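Shared between the two complexes below is chain A, which pairs with chain B and chain C, respectively.
On to the complex of A and B.
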């Protein structure tokens, strides 16, 4: 039986704004996915790219288009409609700002994409100095960031308006979560904006000759690690709020979910050094301090795991399940909206385990710059997060387009999820294994002059090619489903599932909405973790490096 | 008439529906997995460095 809230629809005009973001996201998926397939085939040693297209060029396409464009567009689109659905329809001013944000991001994406396609910016998605791209590439990425800030401003303003209308009440959970992710994103992107505007752009324009590599990388990773949580938190939104409703259960605890998000706001930013553990120029003590903070971020993820198990078990037992794991059988294994994100949740277990290993200070030496790391983030963002985004799309796209998710599409969606799981097991599994044997990441196919150690890696690279091919079939399937849901599925109503807390009388503590407090602590932690290392870097700065174009 | 029915009901062994023992087992399994993988790579680290 449907309750009133289930029938609430996202406003049609807000839905259009959301859909605009999703069109770009799925076009990005098509382009980036193809680039990924080509990469795995090149690295298997079985394919040479035609027409002088470089491996590092398609690697840049893959990383930028999927890691930065697909994610940012999907997340902003999802958060906008989630806020519109739970905090109320946007005002026309807010919606207009949303469109300005969208077009700013889109123009930026176009600029960066053109430069990559012209082979003027094959600097990989981390755009590490001293690799030097064309200035328009950096400018394009700046536009993407600025556009996302404008989208973020819409979310902040909608939240503020809701709080004003509902004094003393905790905000709707999805709005709260979208706000936290937006705040984290804004604080984090200040770092990348600083390195691009103050260092890389003037340097690529020829206004300055040299760039301080350590500072630019530090600013990049100040942004780069919270970036991965910016990807993850929307998946957590679906896991905490949407999945309980889809299975017919309840949110284990509303307050716990909010506390988890606050912990992410505090601990996901001052941790960038764990990407630079092998780099010179940073005092090991400060690296270790950030390692400790990194381990703090494990806590909210473990809280999430507990909360999800509890939601599933409580639901299963309410349906009469008995025994230790009887509740597993009661879950809706025929519903793609649940199954596909569930595969994502499962993949997050080895993904998280790998992440803990990566961040374990000197143990990072085992895996640093090996393809293990690539395997790791293909489990996190390219499985846990993206499968959840696919799972969201299965109800959100038809909800916004006034269509339905048919049984046939549901079946295809489950097949898609299975293809993804199999393909990724091959690809990411082989990457992890080859990485432990020392195979480097960010590298085209090479026999390294016939070295015996390099020969060990080749079978794993072939396995990556096999996995990449299976994944590409998965990409074709999801694109087919997306096009169906956007344009061809039968007209009808599709629910926007929003779960309710198990204990309805539970009122989230208002202290969790005290942003002066949380942003204050976040800023203090950032200042503590970064100030002295930055002073060191600036005081002991080398002359800096000229730009290189090695492609 | 109500009496025997009631008695029968009490004889059925009902598992506490609010039990979270499966969750407890699951988080322990998860923790165990994290430890095993970590120790595995730690062993490689000690071997190599």
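On to the complex of A and C.
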């Protein structure tokens, strides 16, 4: 017997808008994944790229296409359909705006991609000045951001309309969460938009001669850290709301889930200095202050871990499990929609621990810009987040295309998850180990003039190549499954799983929807953390830098 | 908003651990002086070669300071000056470095010396070399096509 909520489908036209985002996301995965494979092989010392293709060109492709394009398109697509599903079908105006957002992002992606392929923008996805890319690269990235704002406006407008129709009621949980992530994204991207539009674009067009590097970096990292939470929060949406329904359990607490998201909104942004701990021009007291704020996200992270495992245990015990860990056996280990994101959750435990080390003020000195950091974010975004996105795709793509996720595909999806786990253990593990020995990130194969220390790193680089190859098999598998679910799987109905709260009678406090309050606090924290050091940076600025094209 | 008893215990324990952790990091930074490199001094990147101390790269003995030597490095795409330097064992050294062009890294493998070189700024770090051997200096911030070829060497000798 199906309940009413299981029969609710995302409107067909809204679904098309979502699918458009997913096509771009998975094309990006294919291109970026191939680039990643090539990087690990080059760095193992076993491969030289043909036809004069540069390692750093490939590395730029990998970072831009996976870190910026895949994530932004998937997340915006997912949030749009999640809002359409839980707050009601979009109006035709909203849907039109969604398409404008989509095409703006797509055109921007195309512009940036062409410049990278022409080798006019081998500046990596962080594009640190004074390396100077072609103006069209910066303009393309601006379009991606602006397009995402238009998508975001659709989410905000749908939320506002729902609240108007349902006065005094807390919004649907997935809509609430999508809104929080969108608000965080908009506040954060103001930083990168400012450096691109006010500094880098005029400078690359030759309108101004020089650029202030420290200010540009600071604006970038004001955006760069919330960026990683922008990736993570959609995974949390699936963990909090979707996974409980898939396993047959309940959401542990609706209110605490909302509170968690509010805490991420407050503490994700005023923390960019922990990416700049090793650089001059910032007073160490301000660095330490932002380190403290960085660590505040540990509280919502602990709340999330508790909630998830409470859901799992409560469900297992309701099925008669006994003993301390008996409930583990009751979980649906044959269901890829659960197992694949679960692998992601597990990877988040070492990933989170590594993150604490990275942000620990002076401890950062041991690992900063070593390949340890690369190992770290391949556990966070490239395992915990991406496996959850794959897990979402397994029900969302067929839901939107009117097809089903067959048993055969389910099996393949679990195999995919296992390949990912094994490949990443090799690759990320070897990266962490080599990083502790001092091996740098973002560097082509080098023997460093025959240094004995550098020779120790090479076996780890070979292990990274092995891991990268296994991961690429995983990429081929997920692309195969995606194409099946989009075009070939048998027609049918696939559920959009939305969990219900364990205690339906407990209404979420309305203060959690008071955006003047939360945005106000977020802005105050940002002003407090940034104003003085930023003004210092402007007042004591050295002469700016001319542009360099050193690739 | 109802919070489960076990969750309260979990959060109190977690937050208490966090406070202890942050106190340790803070005491290390502000009381023991283990701050990350955060020099506030600036320099004109195009005139680096003519300005002290960068007009004399290498190891320079100094008097009347908290440290015995100043080890001066100038970075530019894609090399460091000096390309190799000897440091006596046990020397208390202030490493002073800057860049003439783009952002570079300055990482000494096997030590805690790891800092960014931002154009226009001077980077400093105070350290004691208490192990003999050869230590590889490398650039760990992408700076262009020759980034991975950018190295130097510190030989700590008795």
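In this section, the second predicted complex is superposed on the first by the 551 of 551 C-alpha atoms of A that agree within 3 Å, B and C clash if a C-alpha of one lies under 4 Å from a C-alpha of the other, contacts with A are read in each partner's own complex, and residues count from 1 in each chain.
Please note the rule applied: a contact is a pair of C-beta atoms (placed from the backbone, for glycine too) under 8 Å apart; a residue touches a chain by one contact, two chains touch by 3 or more.
Here the structure is a predicted model, which means the values were calculated and not measured.
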| item | value |
| --- | --- |
| Partner chain in contact with A:349 - chain B first, chain C second, else both or neither | first |
| Partner chain(s) touched by A:288 [first = chain B, second = chain C, both, neither] | second |
| Touching partner for A:54 - first (chain B), second (chain C), both, neither | second |
| First (chain B), second (chain C), both or neither touched by A:259 | second |
| Which partner, chain B or chain C, touches more chain A residues | C |
| A:313 touches, of chain B and chain C: first, second, both or neither? | first |
| Which superposed partner A:436 touches (first chain B, second chain C, both, neither) | first |
| First, second, both or neither for A:492, with chain B first and chain C second | neither |
| Partner chain(s) touched by A:324 [first = chain B, second = chain C, both, neither] | first |
| First, second, both or neither for A:362, with chain B first and chain C second | both |
| Residues of chain A contacting chain B in one complex and chain C in the other | 302, 306, 310, 356, 360, 362-363, 365-366 |
| Residue numbers on chain C that touch chain A, as the complex places them | 1-4, 6-7, 10-11, 14-15, 18, 21-22, 25-26, 28-30, 34-46, 77-78, 101-103, 105, 107-110, 112-116, 118-124, 134-136, 138-149, 151, 153 |
| Touch list for chain A against partner chain B, complex | 302, 305-306, 309-310, 313-314, 316-318, 322-328, 349-350, 352-354, 356-357, 360, 362-363, 365-367, 436 |
| Contact set on chain B toward chain A in their complex | 15, 17-23, 25-27, 30, 33-34, 37-38, 41-42, 44-45, 48-49 |
| Residues of chain A that touch chain C when the two form their complex | 54, 56, 59, 122, 124, 128, 130-131, 212-214, 217, 252-253, 255-256, 259, 276-284, 287-288, 291-292, 295, 298-299, 302-303, 306-307, 310, 356, 360-366, 368-370, 437-446, 448-449, 451-454, 503, 506, 508-509, 540-545, 548, 550-551 |
